[in-house]
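The structure under discussion is supplied below as structure tokens; questions concerning it will follow.
Letters A, B, C and D mark the chains as written, and numbering starts fresh at 1 in each.
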């Protein structure tokens, strides 16, 4: 069991950047291009780690602390997240709170690091980031609460281990709704379309990217890697809910889960290719929608 | 020695003092006479109060003079108020602005009237004959009328006239009530000299004619209530208090109102026993008490004149005392305790108002703003006394009001409870809204300097100290005396 | 004996009515003086059985004060404050008289609610005293001149005096005298007050004393 | 010397030193020395027995036969519940005194320390009182002394207005308490044990009424919405060390009173918990929203007190729901979370207000949009403030997270519990907490970022001075406490068990059993925190190896714009604008806007003001209407003496007609 959890974590650490590659390839496919190599993210990281860094004269130690703390949080979160029926490395009742709040810490420090530069663009991005996450958090927790109520378990590992196709037979619609709201959360939290466009380059329209405009070199590598891990962890929650494959053999379950992650990446790519970014003023409605969906799921569960 | 025989001293001494004042040459002389006389009188009064504590009650003059726990307690309050006011007088008259500075003739008249008031109120407390009781109350009206217009201004004239007419009419009703009481008693066939003695009436109150007693009590309540400033008979009070010189206002609020209320208290056991302890009179007092409280609450918010504000505050507190009497039982205890607390606090407030008014030449609160800066001693005194009067802990008034609430709750009188709290809250808001600018606002204009002497500082310190002490501690003797007084008002013995 | 008392009471009623009707302050004062004399006679007839010294003294003092001194005092102040001599009522004279009748009826009705008074006095006494009290009040309320107010107060006092003398025969003399003294002092003080007021405002129109309000 | 005597000694020392400092007011130095010395000594004397009680779990009481009339005696007691409040009270009292001495400096008045020490002493008396009369006297004294402290800077009209609002609010609240205690005392004596007996025997409707009274009365002091209106006015007006004390612990006496009194009222009705929960969620969400809309640092912090009181109320609500539905685990966790949050909020809110004071003291303004870049100039203050900000956002591994986690745990337990009411309650509770958490993060990234980061927006801010050591050390101590409570949470939790047992009126075992559910998670959280710390260390080491000193300095990326200026930075208002727009219907922000016109626009202005929802739409109109209604009575007294006599006559007639039969 312990071994499985470890492999889980290692897998996350290794495979997280791959998701970005998959997403890009999917988008390239839809755009009819060959696109970057799958492992582009890894190359970028390697290059960035080797580069120097430039710091604004305005900044203080807070600016430097941002990426470090962010990545540390992402890594810790990775240790919390279970996948494919295997328990997370760290697992206890209500660890989901810790998970959510670790991302909270990550966000907090990214945001203050952005504000440390005194650049109005980064301030803009920071302000949007806090707004959207403030709305995404209830959606995530409500969804998890639904799962908890459904399985009677309080720890992530416990509740996801208790999920199974049988659970779908019992209360499929509930889980489906939760899945939907999680998908929105994943997209919003990782600043993907329709909430944010990762490869736009107009400062005025960016959210997450604009916050890290001034980071360079290893710092930026940390941020990139942290983002990838965040995508992986949150995605794994979604995958856990959407396809709880329980063949009995842990290896098979894990493989299925990995497949699920890749599918998720593809799905994100597809969404990014065939949807436009919604107007910033519409984003809150989207997130509130996610909250409502989770609530709806709970009502279905209670009745 | 048997102190009782000399009760008449308490009335004679002030009369002598009045004479002495008239004989005096200078302002200073009058002041000296007042200070000496009142202190002497206070000493004598305290001796008799101790006598009452020892023997239960004193009586003299073929039973026409009588001092029991109830009157002794009021005598105590009266002593406190008169002593404090008399000690305050010199400071006040020294601080008079030149434009209306009392000349020596005016001073002589003031001294004489001051002693006259002392004598009249002493008569009220001492006389056992309800007829003489009435005479005493009427006398206070007539004597104090001219104290109001010590400084002769059109307003003070007007106030004096209203005071005179309204109180005379009211007290006339009280006379009618006294006559009715006599009529109710005339079935007892006492020899003429005792027919109207309260003690005799009290002994066989059960044989008094109930209907006549009720009618009597109605007349008395309206009559003495007018003098006590119970709404809706209160209308003279704001005018008189606002126009009278500060020491006189202190006297009015500090004791004259209580004296009238004391007269009502005297009749409560009679009518209750006569009508078979149905709580009829209590209900009336409760009603009028609430009426006064709410009237004060309604008017106090819109006052601009500091002394008028204090006058309405007096109406409120008289109402609170009446509520206590109306609740009966332990409520009477609270009411009597409240009498003392209110008298001390209100005297202090009027002292402060008087001196501040002299410094600014007006009592308009907008002009008095920032008094803590301009006059630390009296500004502070005013702030503290206002806080006490709105019932802020840890001061004495808070305590008596709290007891009152507990009693009300104990009787399930939740409406009383609610109305009391509502009214008190309204008064609180009304007063505090003015108190904050008064204390801390930006001073308007430059007043004359304060120059508070040692006496004044001591006066303030003593009042504040007493109020603070009474707020956290009741001395045993006081409690006992209050208990005995409650027995008297309640007629039947009542466990505390 | 009751006949005499009833006549006296009738005299009081009539004088009060006239008081309501008169438009000249002087005549009002005279009416009150008349009442004073009647009241002075009252103790004699009321305590008919054997003329006691105290009774004589009482009636004498009464006549002296209510019949002689008060009117003189009032006339004097009226002279000093030489102002128009009309009463100037809020309520017209005819209406006032009507009110008088109503109050008489009312007081009769009200007194019917009381039990028989001890030592059963003639039936008309209590209603008349109530009536006079009401009339006095009405005069105070409905007249503008300060002097009228004093008159009203006097009438009230008289009414109560009737009650006292007839119903409380054995009221100690000292109390009676004290009461009379107080009444005198009251009138005197009010007179002095009017004097001062006329000096301050050079009018004695109470209606204009309304600067203090609220 | 037994603990109670220590506490009493502390109280006496506080009072005496306060008086002495007032008398020594002629020499400001001595006044400060006496006051501060006495405050510190008294607080330490009070702290010792409190800690002893928490560790030992025993409860003591002492009755001094000196009677406040109508009371049974001057009766004090110290039980775990009191101790939980007493510990932060004394700690904060001492630290704020030390800070205040330096903060006031020349601005001290001769009575400053008298009122301060009286405030501390009366607060201690409030939590120690075991007799209704003593409690009420202490309660009113507390109100009065804090009133004097709020109006300390009475030169400002705004301070006077704040003090007036505060006094009125607190007095109206006290009116409800008076009614409640009167009704309870009337059923026996004034001692708390007697009140408990009386309360247990109350008929249900009366108990309900008393619950409402307690909620309103204590809620006004605690700052529950909608009774909070005084709070955002009074706390900014007071000197910062006083704001820290008031916001940190004084408003908690309301929570204490509520818990104490609800303990008297017999078994809690199910809807009480629900009511508290609703109040909590409302206060929490609205509080943080209004905080977002503020641009004065201390006002912002004051609104956050409302928010945190809301979080505490959520915990209490869950607790009482748990009690009512027989779910000891939910109850214990809820209460424990609430109590711990009381302590935590005292620590970090005290820290934040002290930080704000340092900013005020150093830069001369608390106006967010006039500050900036202070971290370079005030490194110590900035670091401490950052710790406080992270803590108040409830982020791990600091103390705020622990208490919120306990409440979350209780909520989730409720969610998986059988009874539907508790499920819904738990769900709304955790949804509310989540929303509050997100918004709080937004608010404090704004506060910290705009004040301490970026470039100074004004010369004032550029010339800011770091606070002196006497002001920095208290902040440092509090910051360390934030960390310590977070790290040692598994050790802190058992200390709460006795207090929770008092609230649950059950055996300590029940409470301990309930809290056991939280033991494992807290241990794991500490482990995770350790991992986090290690990772941070490792990563920074890694970056240092990669970069060494090879970091170049440059200007901030300005998108190619030629002349960037500090004024172009994102301001607090603009940072919060998306959220405030989103909740505009609630906030009703007023805007004065002169838009730019033409090609070369002249002066253009934009200003927003968000005044309190309830103050503007509920209380102000209410007071206006009452005033108008009362003024209407004045026609009755127009100065006509005839009319006055008529009133008397009519009264008499009416009485004669109706009262004689």
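Keep in mind that, in the parts below, a residue touches a chain if its C-beta (ideal position, glycine included) is under 8 Å from a C-beta of that chain, and two chains touch if they have at least 3 such contacts.
Note that this is a predicted model, so its numbers are computed, not measured.
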Identity of the chain that, by mean CA position, is farthest from subunit D: C
Averaged-CA centre spacing for the pair subunit D and subunit B, given as whole angstrom: 44
Subunit C-subunit D separation of Cα centroids, rounded to whole Å: 70
Rounded Å distance between subunit A and subunit B, as computed from the means of their C-alpha atoms: 79
Approximate Å spacing (C-alpha centroids) for the pair subunit A, subunit C: 101
Interface hub residues of subunit C, defined as touching at least two other chains: 114, 137, 140, 149, 206, 209-212, 214
Touching two or more other chains - residues of subunit A: none
Per-residue overlap in subunit B, given as positions that touch at least 2 other chains: 161-162, 165, 169, 211, 215, 238-239, 299, 302
Complete list of chain pairs which touch one another: A-D, B-C, B-D, C-D
For the subunit B and subunit C complex, residues of the former touching the latter: 129, 131-132, 134-135, 138-139, 141-142, 145-146, 149, 152, 154-155, 157-162, 164-165, 168-169, 172, 175-176, 179, 182-183, 186-187, 191-193, 195-196, 209, 211-212, 215, 238-239, 242-243, 299, 302-303, 308
Touching residues (chain side subunit C, partner subunit D) in the complex: 90, 110, 113-114, 137, 140-143, 149, 206-207, 209-214
Residues of subunit D that touch subunit A when the two form their complex: 372-373, 375-376, 386, 390, 393-396, 401, 405, 408-409, 412-413, 415-416, 420, 423-424, 426-427, 430-431, 434-435, 437-439, 441-442, 444-446, 448-450, 453-455, 517, 520-521, 524-525, 527-528, 531-532, 535-536, 539-540, 542-543, 546-547, 550-559, 566, 568-570, 574-579, 582
Residue numbers on subunit A that touch subunit D, as the complex places them: 49-50, 52-60, 62, 64, 68-69, 71-73, 75-76, 79-80, 90-95, 97-98, 100-102, 104-105, 107-108, 111-112, 115-124, 126-128, 130-131, 133-138, 140-142, 145, 148-149, 152-154, 203, 213-214, 217-219, 222, 280, 284, 291, 298, 302
Contact footprint of subunit D on subunit B as seen in their complex: 161-162, 165-166, 169-170, 173, 211, 214-215, 218-219, 221-222, 226, 232-233, 235-236, 238-239, 280, 284, 295, 297-299, 301-302, 337, 387, 390, 392-394, 398-399, 402-403, 405-410, 417-418, 421, 424-426, 428-429, 432-433, 436-437, 440-441, 471-474, 479
